[in-house]
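These are the structures, in structure tokens.
In what comes next, chain A is part of two complexes: it sits with chain B in the first one and with chain C in the second one.
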Partner chain A sequence: MAESGVAGLAPATGLIASRWRVLPIVELGVLATAVVLPLGLPDYLTVFATRVAILALFAISFDLVWGYAGIMSFGQALFFGAAGYGVALLGRDLNVSAALLLLPAGLLIGFTFALLLGGFLLLGRHPTSMIFVALGTMTGSYAADRLARGWYYLGGQNGIPSIPPMTLGAYEFGEGAVFYYVVVALLVISYLVCRFLVRSQFGLALAGLRENETRIAFFGYKVQHLKAIVFAIGGAIAGLAGSLYAVHEGFVWPNMLGVVISTQVVLYVLFGGSGTLIGAVIGTVIIEGVSFWLSDNYREIWPIILGVLLLLVILFRPLGLISFVLSERERVGSFGAKIGRRSHGAS
Partner chain B sequence: MSELRADLSRRRFLSGLAFTSGAVATGLGSWVIRPDWANAAEGPIKLGIATDLTGPIGYAGNADANTAKMVVKQLNDAGGLLGRPIELFVEDTASNESVAVGNVRKLIQRDKVDMVLGGITSSMRNAIKDPIVARGKTLYIYPQLYEGKECTPYLFCTGPTPAQQCDEFIPWLIKNGGKRFALPSANYVWPHVLNEYARKVIEASGGEVVFEEYYPLDQVDFSATVNRIVSNKVDVVFNTVIPPGVGPFFKQLYEAGFQKNGGRLACVYYDENTLNINQAVEIEGLASCLDYFKVLTKDDPVSAKIQAAYEKDYPGNFLFAAGSAATGTYRGLMLWAAAVKEAGKVDREAVAAALDHAKIAEGPGGPAEMVPGKRHCKMKMYTAIAKGGNYEIVARSEGLVDPKECCAAARRGMARMERSRQAHG
Partner chain C sequence: MALLEASGIVKTFGRLTALNGALLSVGENEFHGLIGPNGSGKSTLMKCVAGAETPTLGSIRFGGEDVTALSPSERARAGMSLKFQITSVLPALSLYDNILLALQAHASLFDLVLSRTRSALHGQVMTMLQQFRLADRAHDPASALSHGQQQWLEIAMALASKPRLLLLDEPTAGMSLEERRVTGELLAPIKAHCSLVIVEHDLDFIRDICDRLTVLDQGAVLASGTVAEIQASQSVQEIYLRRV
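And now, the complex of A and B:
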């Protein structure tokens, strides 16, 4: 689905051999599947697919910060949930249901929260360690969860139910195919934005700092600033996903902010393969699809089967499912404008 | 009590684990339970159960699912409803609201059930009620004791409310404990709302609330609370602290000599499941007020019959208990069955209209009837105290106790919402 985004950057000369470009094929395959999917699905599965697409959007946000910038955000649900609550409150207290207000609001809430938390965790006088960031984000998410549980205005433990459906003018987005395509469109747009970002010079700097932060710092990059920017963008995308989730499911509750969903998104990405974006989408689809199928067929034990499956993949394919088809070389990929790439290819 | 009773006890958890590994070995397959006989004319009536089969309150969800299976089997054996068999669909809500919404949609959109019964915690009810009644246009019955204030059209509640658990219980506590109450509580919605009601009854009955405090859900050290209880000469501890905190709290209270000095422990969610959290001696004399206790089987033949039928089909750890919503499930299904019979069809409007005043003469703990227009259920209430690891009934309500829910103001608001919904939809 990012073909057009890549095409703009790809070398016109075709010096880079096409034989190892698996990624665009996978991306196009996923996009094509996503587009034709509702045609062959009964209604209730389209609704399920919508939910999965929203979670895939959320997974992309985590892959951006972890897979590309190496920030272990164990609290990504904070931005997801905060935007969900924001949208729920707008609906409940101000009767706002316009998509053009709710979705930007979600984006903004996610962005702001991520900027604040990221600023606090990343922009200290000394560079922070991965462990510190992981624990810091996890704490943030946990604290938000506890706060929501105890705060009556937010409905406490019971959350906020009966969020009205999103509207565009007089049109009301109920569950179903239209909502699904809206989500897929937003997913594609967000994907392309991320794809552009990580394949730009900015992305090269990110890849550098992921591999060796000190060296990038010696090159004169303000490493912490780069990280904070990516973290905030990731937060914005998580916020967008959270606001969609709230209006689609019709309710928000404290777990949406908490450690469970934060961990879930880590699993999606590790399962699919981090640092590829599309791996995050595939991981989400497979985990959600398999757990849906398992919960139908192995009622009592499905969480255990799912757990074992995740464990196996992460033990034996640490780079995720995508590594079955994607070479390491292509995963790291190439960056920036074509001039740099051409000279690289020619050398 | 409608909330997380996480990690009820280690023993229960381990036995749950053992059960699960047993299930791994034997395999379970699909959970759609098809009636033995097929009536080709109209096909079966479809009944959906959405409850927490897995997760920390799985013991309650499984008891509810078992109860539903038992009731459906009985109804089918007796010829079904309206000459049609009942087909049962069970979905797991997994103690996880987001999984729950997906699985409830399966019931509504794929299986097209005629009614959904389920949900144990209030947060679960909040999560699934919209997919069922508003977006799903289906009838919903919520079986658990809870804090009240649910007043959604097409949503019927068959568990006890604060009024039912307090109106007769608190005067009894004042008579058999004293006037000075302490309300130590876990900090979530149910205790707040229940305490608000309990305080009114305490003050109206001539008692006083010495303190009302809320603690984090996972707090396990209560020495400061116990100190305050003892130094303030509290007569009755009206507890809404939940597991895992409740075990240590009662133990510390016992060790401080609260009961020995004449104090009365009270906890309205205590049923047969929670008895084993503490040593029997630590909760000796604890008073609870519920719609059913197993000890009733001694003198109530109907309860005895239901309890025996349940234990015959489902021996093991998933007890038929009031705090698990099993009694509310039984009552809810039977009231619904009565309503379907009266309506003569299964469409939502007709059944809801009949369910609004449905009655059953026989249920666990006695008869039950819906209060017209309130979508809550009148039932008999019993006060029991713990004695040597069992309960002993010490008081029972004269007749059926009114739930006092869904008051006029709330109804008007709901009617307004319903009108605007219809106008849009």
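And now, the complex of A and C:
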């Protein structure tokens, strides 16, 4: 069977023979690593790993929006930061610390902001261009950052410090292994929900949207609605990540809303490999891990080394690190009924 | 009553007038050919009918309803289906998934998320692939097909939703003689349930499959009638056929 690259991208045949499905192996490998990781780590690295896992959740939200639906959201931090601020305000002004209130609130805030911005950017009579959406989301993120910096109620430049720790009944979640496992559990649940979506017939519609939006509009798909739905789901996941970040770090600040973090999440996904979900997780872990190590060992020049590394991967492996092991065929996937695959040769 | 009535269609792009009062009337189960020299406005008229372009003036009625202001998606839901001039199958997806994508277009969001129609549509997917002689390659990526096979796949995709009107813009472009003959064979059976508007430069192909023809010249209708009437038309012979 011939392998094909997506139009405009380099051919990406995994280096490992594609007789077996590689994706589940990679996913299980990452999950197993995540489960055993804190066992051998000192406390300060467990705190770092928790932060990385939260950012990986954030990266999944962007991969869903960009990697699967082809919506270039350059303002994903808006939903991340808005949820963070929302949770911080709930803690500061209403003394809310219950996880069962804070985390759904973060999810809802991200969803609502994304629905409003997505409604404005995506729900026109005619499909909007990628540039319009990219600039619109970036502007939203930048404006929110500036608003937070200038608004005294939100703490201005300093943000909101001393967010009370998240609680579940009488239990208080401090930094450490328990918080880490809570984040990993939420990451796994979110991942599975996204995986279910992108492998469903809805995922096939998203694949069509990504490949040729005009074509599927002529089939009768309401492409703007599909995009707005995915954008809102992505916003909800980013909101969940933002609320976890706020309660984990204990403070929020305007950068959480701005274009720097919005760009950072694009790099996580590009580096790991878009349109795979697990690539977003791997990209986040490697970029954050390498940054951590480089900043410790090459204090002055580490951003340059990291920048060159990112450029090399994006130049020579445009489908990301995951494409070393994952064939393009497996990345795109197959959506047909199993009965069809059995009777007409496997994909 | 005609299934499709496009009347007084004017389409301008800046100072260029691509269509200047064009008319098109297509009956139920009619195969209608749109012919004319390059730049006569055939593809623009097709795009106006399908919703890819909005007419500057004029109205389009489909099944008795005014669809002039409807989006392509709404027109597709009303029963129109378009095959583009440039092949636009989804290259990274398998043939099976290309057809499934077209077939499930009218399913509800709930059904899509829960993949409720996946098994139910399997039979229809395979029937379409068999009908278009592509069943043995069901799980190959569409990019692996020859140009002619990609055209067939796209026609199959356009027919998957059982439209009342199929719009084909140069379906045999780039095909070999044998592939053109097969394309004619593949299209013939759809007449039982579907009307067809076809833009095509291959006049032999058009004569073989169409009931009626409309000849466009400089954005306006030069002649319209049965194939025999058009063949006998002095003005068409003088203005169109001699140029080709």
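Definition applied: the second predicted complex is superposed on the first by the 316 of 347 C-alpha atoms of A that agree within 3 Å, B and C clash if a C-alpha of one lies under 4 Å from a C-alpha of the other, contacts with A are read in each partner's own complex, and residues count from 1 in each chain.
Operating definition for what follows: contacts are C-beta pairs under 8 Å (C-beta built on N, C-alpha and C of every residue); 3 or more make two chains touch, one makes a residue touch a chain.
Just so you know, these numbers come straight off a predicted model, no measurement behind them.
By the touch criterion stated above, A:Val223 is placed in contact with chain C alone, chain B being left untouched.
Applying the stated contact rule after C-alpha superposition, one finds that A:Gly307 touches neither chain B nor chain C. Contacts of A:Gly289 after superposition on the shared chain: neither chain B nor chain C is touched.
Contacts of A:Glu328 after superposition on the shared chain: chain C is touched, whereas chain B is not.
In the superposition on chain A, contact of A:Pro318 is made with neither chain B nor chain C.
In the superposition on chain A, A:Thr214 contacts chain C only, with no contact to chain B.
In the superposition on chain A, A:Pro161 contacts chain B only, with no contact to chain C.
For the contact definition in use here, the chain B contact set and the chain C contact set of chain A share no residue. Across the complex, chain A meets chain C through its residues 1-7, 125-126, 197, 200-202, 204-205, 207-208, 211-212, 214-223, 229, 328-329, 332, 334-337, 339-341, 344-347. Residue ranges on chain C touching chain A, taken from their complex, read 50, 52, 71-73, 76-77, 81-82, 84, 88, 90-94, 96-97, 100-102, 104-107, 109, 111-119, 121-122, 125-126, 135-136, 138-141, 143-144, 157, 161.
Residue ranges on chain B touching chain A, taken from their complex, read 3-4, 19-20, 23-24, 27-31, 53-54, 90, 92, 94, 96-99, 101-103, 105-106, 108-110, 121-123, 126-127, 129-131, 134-135, 187-189, 192, 216-217, 424. Every residue of chain A that touches chain B in the complex is listed here, in rising order: 42-45, 47-48, 51, 146, 149-150, 152, 155-159, 161-162, 172, 174-175, 249-251, 253, 255-256, 260-261, 291-292, 295-304.
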